[in-house]
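The structure is given below, and queries will be raised subsequently.
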Amino acid sequence: MHIMEGFLPLRHCIGWSVASAPFVAYGLRTINKGIKENPEQRMLLGVATAFTFVLSALKMFSVTGSCSHPTGTGLGAVLFGPAAMAPIGAVVLLFQAILLAHGGLTTLGANIFSMAIVGPFAAFGIYRLAQALKLPFGVCIFLAASMGDLLTYVTTSLQLALAFPDPVGGFAASFAKFAGIFAVTQIPLAISEGFLTVIVFNALARLNPQELKDLNVVTAKEVQA
Amino acid sequence: MKQQTTDPILEVQAVRFRYPDGSVGLDGCSLAIQRGSRTALLGANGAGKSTLFLHLNGILRPMSGAVLFEGLPVDYGRQGLHHLRSRVGLVFQNPDRQLFSARVREDISFGPLNLGLDAGTVRNRVEEALLAVGMTACADKPVHNLSFGQKKRVCIAGVLAMQAELAQILDRLHAEGMTVIIATHDMDYAYQWADVLAIMDTGICAASWDAAQLPAYLDQLEGFGVGVPRVAEMHKALAACGLFGPDLPAVRSHSELLDAIAKMAAVGSRP
Amino acid sequence: MKQQTTDPILEVQAVRFRYPDGSVGLDGCSLAIQRGSRTALLGANGAGKSTLFLHLNGILRPMSGAVLFEGLPVDYGRQGLHHLRSRVGLVFQNPDRQLFSARVREDISFGPLNLGLDAGTVRNRVEEALLAVGMTACADKPVHNLSFGQKKRVCIAGVLAMQAELAQILDRLHAEGMTVIIATHDMDYAYQWADVLAIMDTGICAASWDAAQLPAYLDQLEGFGVGVPRVAEMHKALAACGLFGPDLPAVRSHSELLDAIAKMAAVGSRP
Amino acid sequence: MLIEHSAYTNRWRRVSPAAKGLFSLCGLVAAYAAATPAAACGSAAVLCVVTVLGAGIPPLRYLRVAAPALFFLAVSALSLAVSLKIGPSMADVSLHLARTGFQRVAQVCGRSLGGLAALLFLAMTTSLIDIIGLLRRLKTPEVLLDMMTLCYRTLFVFSEAVHDTLTAQSARLGYATMRHSMHSLGGLVATITVQVWQRSQALHVAALARNNDGPLRFLEQVYPHSTRDICLAVSGGAALVALVRVIS
């Protein structure tokens, strides 16, 4: 769920862009450092961006009954790290705006904040927290992916509510409105994205544990489990 | 163009199909596939071979015209597709695009499990299919360690394992059990392998010949730009040279031709 | 095994290479590539063909043994690699794994720009390379709308555009300008195209024959499991049959053989 | 991808992307500068006409591309128009249409339509590769440009792989039921995930073979009549902004 071109007032467009910029800059610095140590990462990031784009364009209508898309933030955050996801997500959102007219240029900052910053960082934080609580690997992944998706959508609703507080009920009523309307598609989607990501990681663990280990995503023990 | 009316198991009748981007896939294509036959589809890229295949399995639905399976129009409801796909399997060009499980056995079991069969039946079918393609020894290897040819066999096993009459088909494989259609650019291989050669050209089936009668159509074949079997060309040249009599039966493979020449050499050296 | 000592442009001498995962890439491989020659590398999957290629371009470094370019050991410093790669280009199997930019011209300019050439020179080279592969008309299409064959040509143009002596090479392309080495499984194609056939087997170069002399080695060739050229087989059979004299020069392609037979037919019918 | 197709086939595909970018930017400025919804809608109409008639985009395709965004706008506008009143207890929730709401909804809708038309002008006339080139001239960080270039190239490779695998799975009844769909989709995503590493490794080797040891460098595209086009675009854009201010 991206905010469309022109929908946000100018002050909000600028505000969210300013809020997103340091995260993207930090992500780029992390990436640059990684590329210096390991030049292959230049290609990896480009290909990972394409992967994230294609993933977010995968229609899940057969699964949720509506024509909705997974965000892929959970999967991406765990695979590539939350810092890298900010620039990756920024490029994906720019491409979605230009190739699909999904989202927009003035709303790019706001969309980056919800999809490429809050989503991945929340997903990664929840993943680490769940791991620290010694929850089973599948549960960690499920929580990370579904909560990452859900918090993305909550953030978007907050952004809309901040921009358009209800003339009667104020910010809270407006948030309830936006959150309520989009909940119809977003809650089933978050749950199915959680399940899907678990299936993906199970399949990955069987397909090629070596590459996951190289990424330091999961320890060898988890892959075998 | 030959019309066969004996016992077509699959038939497309004047099928038209246009892709969402506007490009024409099939433009009134008609073709009947005989039960138990081996048909090779030949044609340039974009001639409609893949589009035709996707119609035979019910993945694409004709915009006009009809697809018939065992004489009846295909039912595109859930049950109908279930039935069709348990009888008509598709193997794709590139095995890497259709294998998505870590282990060979797991991948082969994908189709039968989707059919809703119980675990025991699936297990049996997987083993039968592995045996049929000669991959039992490799069944425990991870898929990404297999060679291209081995992956291809796993793909075939995956399709075999879905077939409703698998046991009978495998028994009769060398008789006339399974109807097979392939799309290829390799005219030499097609000529050697197929009973029927069907030529696709810009969305229609332009010709369909019995392989045994192909030598008579060599000139026509050249016009389609799909190539001419080298063996047939060579055979014709040698016949013109007087090495073979004019009424010799068609020789369809390189090794058959070599044998025929060796026989001639033996005859020639005897007197 | 033939030893040529005339003028090798590239040479590997007893090169050993082992991948980090422990698998053996090359196991004491020696081969000399003659300037201006066309060499076909044949061998099963995993025989070491790709590993050898990556050594010739300086991407992999031998663990023991040496790679020589124009008679001198390759210098693996930045300048040395720069020089080597501006003379020795690599085209990979799959264009989707080597094209970086969706714009044809941009992708071709990638190599020459990496060489540090100025924009004007690069622009000229890109156009020359496009012309050489016959892709000038397609240069404004995005890469993803090209066919497989067209993508392959873009890859070749990308390598051509890096060559230091591009203009001369293109002038002399039909003479002896460019040395070309290909890895292939297609023995028929290799026999028709190459001057030299080199057989790779488990990390070594097991044999290297002049294509013209291959017929004498057919039995040995069979032992390597890389196939035997059909034309050579057919030619031998026909010679055994008495159609050709025993001292006929090697016929290397299907059409050459057809011509030879037609000539025989004409001779035979004359008296 | 209808936008992608238009970007490579429209009449203005060879016009300097800087010119098209500036005109689109003026369109965005006009959408925000419009004081009344009518003025913003007027700006949207001008941009739409310019795109359809000027660049020669079929109107039906234009509508199909705009449809999802218009749907988002309809849903969001509805929630803006409706006002939610939460009473003292949670059960006491009432909805009403606020009068002041309408004015605001019209304002937002006008601005969104103007913005959307400006975005579509750029997207449907300019290929992404041209836009990346433009960003390169605007001194975007190199890593970001490399990511964009590789992403744009690779996303077609991946989407082809996804499409083929989906077809192969459907042929084996992989999407017959919801449970099967999940399982199949999971397998699909996992195979594509593994390819991320395989493909980037292959690209890395291919880049080395072409002597790359740093950022990806490409030759800049040259556009004929670039200066003329930029002048035209800026004056046209300025006229649009002025028009919007005059109407409102």
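Letters A, B, C and D mark the chains as written, and numbering starts fresh at 1 in each.
The working rule: a residue touches a chain if its C-beta (ideal position, glycine included) is under 8 Å from a C-beta of that chain, and two chains touch if they have at least 3 such contacts.
In this text, all values refer to a predicted model and were calculated from it rather than measured experimentally.
Comparing chain pairs C-D and A-D, the larger number of C-beta contacts belongs to A-D.
Centroids of chain B and chain C (each the mean of its C-alpha atoms) stand 33 Å apart.
Remark: chain C and chain D have CA centroids separated by 44 Å (rounded to whole angstrom). Chain A and chain D have Cα centroids lying 19 Å from one another. Distance from the chain A centre to the chain C centre is 46 Å, each centre being the mean of its Cα atoms. The set of chain D residues that touch two or more partner chains comprises 128, 149-150, 152-153, 157, 187, 190-191, 194, 199, 203, 207, 213, 216.
In chain B, the residues that touch at least two other chains are 100-101, 144.
Multi-chain contact residues of chain A (touching two or more other chains) are listed as 203, 207-208.
Across the assembly, chains come into contact as A-B, A-D, B-C, B-D, C-D. Chain contact summary for the complex, chain D toward chain C: residues 8, 127-129, 149-150, 152-153, 156-157, 199, 202-203, 205-213, 216-221.
On chain D, the positions that touch chain A within their shared complex are 1, 3-4, 28, 31-32, 65-66, 68-69, 72-73, 75-76, 78-80, 82-86, 96, 98, 100-101, 104, 108, 111-116, 118-120, 122-123, 128, 131, 141, 143-144, 146-155, 157-159, 162, 175, 178, 181-183, 185-187, 189-194, 196-197, 199-201, 203-204, 207, 213, 215-216. Remark: chain B residues 21, 54, 57, 59, 78, 81-82, 85-86, 89-90, 92, 94, 97-101, 110-111, 114-115, 144, 158-159, 162 touch chain D in the complex. By the touch rule above, chain B contacts chain C in their complex via residues 45, 147-148, 230, 233-234, 237-238, 240-243, 254, 257-258, 261-262, 264-265, 268-269. Within the complex formed with chain B, the chain A residues making contact are 203, 206-208.
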